[in-house]
Amino acid sequence: MGTNRLEAFSDGVMAIIITIMVLELRVPHGTELIDLKPLVPKFLSYVLSFIYVGIYWNNHHHMFQATERVGGAVLWANLHLLFWLSLIPFVTGWMGENHFAALPTALYGVVLLMAAIAYVILQFAIIRVQGKDSILRKAVGKDWKGKASVVLYVAAITSTFFNAWIACALYAVVAVIWFIPDRRIERTMK
Amino acid sequence: MGTNRLEAFSDGVMAIIITIMVLELRVPHGTELIDLKPLVPKFLSYVLSFIYVGIYWNNHHHMFQATERVGGAVLWANLHLLFWLSLIPFVTGWMGENHFAALPTALYGVVLLMAAIAYVILQFAIIRVQGKDSILRKAVGKDWKGKASVVLYVAAITSTFFNAWIACALYAVVAVIWFIPDRRIERTMK
Amino acid sequence: MGTNRLEAFSDGVMAIIITIMVLELRVPHGTELIDLKPLVPKFLSYVLSFIYVGIYWNNHHHMFQATERVGGAVLWANLHLLFWLSLIPFVTGWMGENHFAALPTALYGVVLLMAAIAYVILQFAIIRVQGKDSILRKAVGKDWKGKASVVLYVAAITSTFFNAWIACALYAVVAVIWFIPDRRIERTMK
Amino acid sequence: MGTNRLEAFSDGVMAIIITIMVLELRVPHGTELIDLKPLVPKFLSYVLSFIYVGIYWNNHHHMFQATERVGGAVLWANLHLLFWLSLIPFVTGWMGENHFAALPTALYGVVLLMAAIAYVILQFAIIRVQGKDSILRKAVGKDWKGKASVVLYVAAITSTFFNAWIACALYAVVAVIWFIPDRRIERTMK
């Protein structure tokens, strides 16, 4: 099977996720600057999640550039990734509405952690289909970015017991690490 | 007519169905673990429906791999399938909100049953277009999966008169049966 | 310019319109059959609108089969059609919530009428681009379906002053007229 | 990297933005003409935003017609544009609900201004990839439309301190300027 429809479906789901998050920014009733104030934490959590979904779309795009054929395992690994991404609007809303309180901020990290693990599983599934000359395996290499992210997510989730702002800082750090699209794949494909 | 646009439109509709279901998981007001408790049945019904829509997308994908040209009847048979799938968010929400009460759980089964019947009709419509050498007909064979699903849905709907959890178990069984993508089509195409 | 992206964007908008209408079917609080009763008119108006959007998607699909290149005028004529279609969820909700009261039912017809006119404008815009050997012009011919629809919509809107059910019956008649996809285009293309 | 998936993802996001704005038009409870009255400003702001998103889709479409290959910088510049566009439903709703009050109307302009700047950044990013023989650079030329828009947006935002209707008029002027799709690109490509 080709990857066209898998890519189109994933694009659709990620486009909807990134867009419906904005529905959590409910229109305020007043018309003064002060009426926007309660929206600030919601807006910040929206920006963070927008960047995260953007990163996932970007990396997904790169990964499937290096993939030509897929089977049933890849289809389900991909749906598994989309499942965790689909929970991002919920945890974003809960975290934003409660001004980055401990538990919502921890749960946000749990969903990000599960999405990261789902991404690694998807990578493995593709590499297995491609066999021992897998382009993706060469491109990914030791995958230090993936490993570092998992460590940072676990650290962030733990830190919410002390101070949720440490967690937010760590989420931002992971975003920065991934912000630069995966040159490894472009390089290896050449 | 080619199948590109039919596939793209169906992908769009299924991507939206799978994503808007998460909007039923309303952000709770508190920030304690206890505040998440009322969401547990909603979350479970979301997971079940996510898997079901994933299965439909997967099988739809496989079915149209074996299809090259379509006519008006296939377009409408496809829209008919999408209609029943579009009701899944509603019945998922009703079943989840009411902790798998009898009637909502039965109605959930009715929608799944109607979607299964719509899928069979779509299959027939494609086979008719393909004529007597239909790849899809060979691939589907006696379609024991399709027949077993219908029987199990009817059993599940009936069982809600006694105990709705039997129905939930049966819905899970059908999901497991279909979880493995339809190898028949891949095999026949080779 | 090719038509790929125009078709993809239109598919996306129509897929969303057809799916978000179901959000008007709010999950009821009770779990008895009686709790579903207030949803019946909403459900009926949903079914009608689903069929209408399905018809538009179908005809749009056929029309662009006979179209290869488009310019700025076609892009805007297409957006104009999508604008009126995007109002269908609103009028569907208003009509369904108020049990097919006179004014909501009339407004529903106005939106359908405007969409029909927008469709004719789009047809003209494409025919103008194709020049005097336009396949679409030959396929459309005298366009009695288009003309009959406009007459029936106007009749339906007028009839709401007396009895809104006449209007509903007329909306159903137009749907039946268009239900059969436009064979003219398939025939002419051969 | 090709531009297919970037275009598909952007189409998806813009299709959702243009469609979910209509959800702000809440179904009124009454069935008289008077019950629609409070919706008039919301409807007007919806029409304005629909046209704006339509213009962005149109120009985006034209711009990527003149673009064949993209890299990481273009992907992020595009996501940056989509971010500002994704805020349009929020500011549209706030402006419409408050009958074009000063601050909401100013914020609407700020989001349009940021989107315009994001569009220029995206243009630069593409031109840089294309190198010194860039088709897009020739097509854009001095980009007086882009510059005029920025000036008009700033003027509109400032004018809300005196009278918000001046701002609305200026937003309409910018829309008219851009309404005609960018012939420059079509001309240069020939």
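Going in written order, the chains are labelled A, B, C and D, and every chain counts its residues from 1.
FYI, a residue touches a chain if its C-beta (ideal position, glycine included) is under 8 Å from a C-beta of that chain, and two chains touch if they have at least 3 such contacts.
Model, not experiment: these values are computed from the prediction.
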Check the residue numbers that chain A and chain B use where they touch, and answer same if over half are used by both copies, otherwise different.
different
Through what angle, to the nearest 5 degrees, does chain C rotate to match chain D on its C-alpha atoms?
90
Mean-CA-position distance for chain C and chain B (Å):
26
Taking each chain's mean CA coordinate, chain A and chain C are separated, in whole Å, by 37
Mark out which residues of chain D touch at least two other chains, giving numbers and ranges.
8, 12, 15-16, 20, 23
Of all residues in chain D, which touch chain A in the complex?
1, 5-6, 8-9, 12-13, 15-17, 20, 23-24, 71-72, 75-76, 79, 82-83, 86-87, 89-90, 93-94, 97-98, 101-104
Contacts from chain D onto chain C in the complex sit at residues 7-8, 11-12, 14-16, 18-20, 22-23, 25, 27-29, 31-33, 47, 50, 54, 57-58, 61-62, 65, 179-181, 183, 186
